[in-house]
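Below are two complexes that have chain A in common, paired first with chain B and then with chain C.
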Partner chain A sequence: MYLGRRLKIYLRELANIILLEINIMWNRPILYFNFLLLILLTLACYPSGPLPCYSLSPKLDPWDMLFYIGLALHKSSVGLTALLVVVSVLSWAGSIRRGWVKNILTLPVGRRTLFIAKMISVSLIPYLTFSLTHIFAQVYLFHYIYVPSLLLIMFLVALHVLYVFSISTLTSLLIKDIVGSLLLSLAILMLPSWEELPPEFSHFKPEECYLSTFKFISLYMYSHNRKRIYLAFIKSISDILALLIVSIIASIFAYFYFKKMDID
Partner chain B sequence: MYVVEVEDLYKSFGSIKALRGLNAVFPKGICGLIGPNGSGKTTFIHILMGLVRPDRGKAFVLGFDCWRDSVEIRRRIGVLLEDMYFPGHLTVREYIEHIIRIKGGDRGDILKIAEDIGLERYLNRKIHTLSAGMFKMLGLMQALVGEPELVILDEPSANLDPLKRRNLLEYIMKVGRERDVSFLISSHVLPELEEICEWIVLIYEGRAVDQGSLGDLYAKYGTNEYEVVSDKPRLLAKLIKEYGVGEVLYIHGNRVNVSNTCYKEFTEFLYKFSKDIKIFSFKPVGGLENVFRQAIKNISKRAG
Partner chain C sequence: MNIEKIFKITIVIGMALLLATIVRSGNSGVDAEIEWKPKSLQDVYREVIFIPSRDIILNVYVKGGRIDLYFYSMRDGNLYEIIVFKNISRIYEKIHIDSRGFYEIVFKPLIEEAEIKVSYECITIGIEKDLFQLGSSLTLIGILALILSKIYKKYHFKRR
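== the complex of A and B ==
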């Protein structure tokens, strides 16, 4: 009973901080830019969509459908990465620079609560916009709702968001400068795309995760080549685990650094 | 009971030593914190808030440890920092409603506090359209919602015009008296602190040079000359002579300058005749500025 009441109070406090943070971070220009970028980019990446980059035959079989979903997620995720880096850096480095973090920490708000609130307030709107647009695009274009694919989109986008947020937050807290944090975050996120690096680094590309996972799912459902299925599974799991492990380590490090840092 | 108590507090930022063994206490009531630029006042306030962790030493606010129990402290206090950021695209009312949701308190308080500090006309204005002085008042409003037991103000009168400064001082005194709220005010404007504070802590190069009630500090460092402003200066001068509580130097307008008197004894004397004579102000010539100069001089002499 006591624990339940405390949890309720804590959740109410958390909701209030999230509401304030969303109100501050997502003012109209940024919100509209978020919608514009993510929706247009997503719709442009689907074949034969309202904003087609390329068109295909109107009749697609399920294998093609899953493949194209993965491809569209892969292509449009650059926009999500860029937006999240900017918003995370503004939410951390920008707030620390301007003195907003100092102001909010004069209120009865713990650092843990503020960290969680920032994580949710930064990620929630791009997450919902991006994943819901993809879900809408699927239903609109393929006239078919395949529930596992929807759940997979929700999961992979959440992982992507967590990965970008944790890296941008960590760099913002360490550097505390908007431009420096932006450049370093983008450099870290872009580094695995550098062709000179060994292929193992591709596991740290969030966009790769969409492609490999949807490829595995489509092979698993429609292919009889066990070796190909196995290899696709290994690639997909490695991509997911790489992102998950980096996200968890970076988030924990950022959280403990924030807990101890001087806000001066 | 002390509302703030710090013991042997040290804090460095790289090679800069902001606090070097600060020992200070602040009792209930209106207290002042004075010191030159870079003496460690703001770092001290940030430590009280739990924004900065001290390298060494203990700091307590309302009996709670400043680092470990910072949320509990912030639940009970209000703070106005020197450089506060507010989200410019929200209106004053929207912003304060958010603060009330977080700090707790009554929404009806918004209008009442806004009226008291002269912000009622600006409630529906976007924050970015407010002047620097209004920003300060908004910060003060944020500090006062939620019925705090202690309010910490860092340079509250900076950017305020003389009329607003006067209103602010009167409001602090009113709140302190009526709602039993304690204040810790850090300011460079010493005459203002002198007017409202009962207790002063002098801080210099990260250490407390001296602390005590205004009377004690005047007695220790002050000149021997006091200035009394009253509605009946001639009657007052006559009574001073009669009771032998000092030597009247001269009367100018409604001011009487007295020397060779003891602060405490003279305060009691003025209180005794407060029904017959209205006293507007009573302070040593040179006031707190003189106390501050003397204290720094003493320290420099000892160090030199």
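== the complex of A and C ==
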């Protein structure tokens, strides 16, 4: 009974801080830019020409569709990464600079609540915009409704958002400067794309997990070559695990650093 | 979040869809080359294509004979005839496509037992009408709602 009441009070406090953060962070220009960029980029990455059907039934080839979806997610995710880096750096480094974090901590709000509230308020709007636009593109543009693919999009985009948020949060908290954190976050996120690095680094590219996972799903469903399926599975799992492990480590480190850091 | 912000977001989403319509309006197409020897006049060749709601240019070239070409729309499990070209060996026609969906092209031979080679190309041109309509509707609804809410606010405050 007592625990339930405390949880209720905590959740109400968290919801209030999230709303406050959303109102401050997602001011009009950033919010409108988020919608324009993500909708435009996502729809531009799907094919707009005629698509052949390899059977005489009115049904798009699932193999082709999974390929198009994976490729569109891969291409359009660059916009999501850039937007998330900017928003999370502004949310952390920007509000520390402006003294907003210090002000809010003078209220009866714990650092844990503020950290969780910032995490949700920064990621929720781009996450919903990006994943819902991809779902809209499949359902509206291609009349293609395949529930596992829709669920997979929700999961992979969540992983991508968590990865970018954790890295940019960590750099923002360590540097506390907007331009420095922005450059360092982008450098860390773009580093795995550098061709000079060994191919193992490609696991840390967030956009890579879309391609590898959709490739594995299409091979699993439509190929009989067990070796190819196994290799695609290993690639997909290692991409997902690499992002997940880095996200968890960076988030935990950022959280404990934020708990102990001197805001002044 | 106030109601005006929701209307403004509706306008922005509508504009994003309109911009996406322009970005997606580049020409792209499918092509194929079919070779078959019809055993009878009923031995037709069929091809199913998914076409967005953009106009298409159908470019067909027949070698070794002449054919009839039927262009159908596939809706609710039925075929609806859109256009028919009779006794052709070469066409380059613009076809107006109203709705996004599946279409069937049927090549019907006119002579039995003769080897026919058909090359066809289907190129989409123009903008996607349904996406354009959705984008412009959202933008207009957002603008109208915003204007109405501003008028209401003004009237309401004047009365008070």
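Heads up, the rule we're going with is that the second predicted complex is superposed on the first by the 252 of 264 C-alpha atoms of A that agree within 3 Å, B and C clash if a C-alpha of one lies under 4 Å from a C-alpha of the other, contacts with A are read in each partner's own complex, and residues count from 1 in each chain.
The definition used in the following text is that a contact is a pair of C-beta atoms (placed from the backbone, for glycine too) under 8 Å apart; a residue touches a chain by one contact, two chains touch by 3 or more.
No experiment lies behind these values; they were computed from the predicted model shown.
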| item | value |
| --- | --- |
| Partner chain in contact with A:Leu105 - chain B first, chain C second, else both or neither | first |
| Chain B versus chain C as contact partner of A:His143, first or second or both or neither | second |
| Which of chain B and chain C A:Ile135 touches, first, second, both or neither | neither |
| First (chain B), second (chain C), both or neither touched by A:Leu20 | first |
| Chain B versus chain C as contact partner of A:Leu43, first or second or both or neither | second |
| Partner chain(s) touched by A:Leu170 [first = chain B, second = chain C, both, neither] | neither |
| First (chain B), second (chain C), both or neither touched by A:Phe35 | second |
| Common interface positions of chain A, toward chain B and toward chain C | 23, 28 |
| Residues of chain B that touch chain A when the two form their complex | 13, 43, 46, 49-53, 70-72, 74-75, 79, 81, 83-87, 89-90, 94, 98-99, 101-103 |
| Contact footprint of chain B on chain A as seen in their complex | 13, 16-17, 19-20, 23-24, 27-28, 98-100, 102-103, 105-110, 260, 262-264 |
| In the complex, chain A residues that touch chain C | 23, 28, 31-32, 35-36, 39-40, 43-44, 46-53, 55-60, 141-143 |
| Chain C residues within the chain A interface of the complex | 1, 5, 8-9, 12-13, 15-17, 19-20, 23-30, 32, 46-52, 54, 56, 74, 100-102, 104, 122-124, 128, 131 |
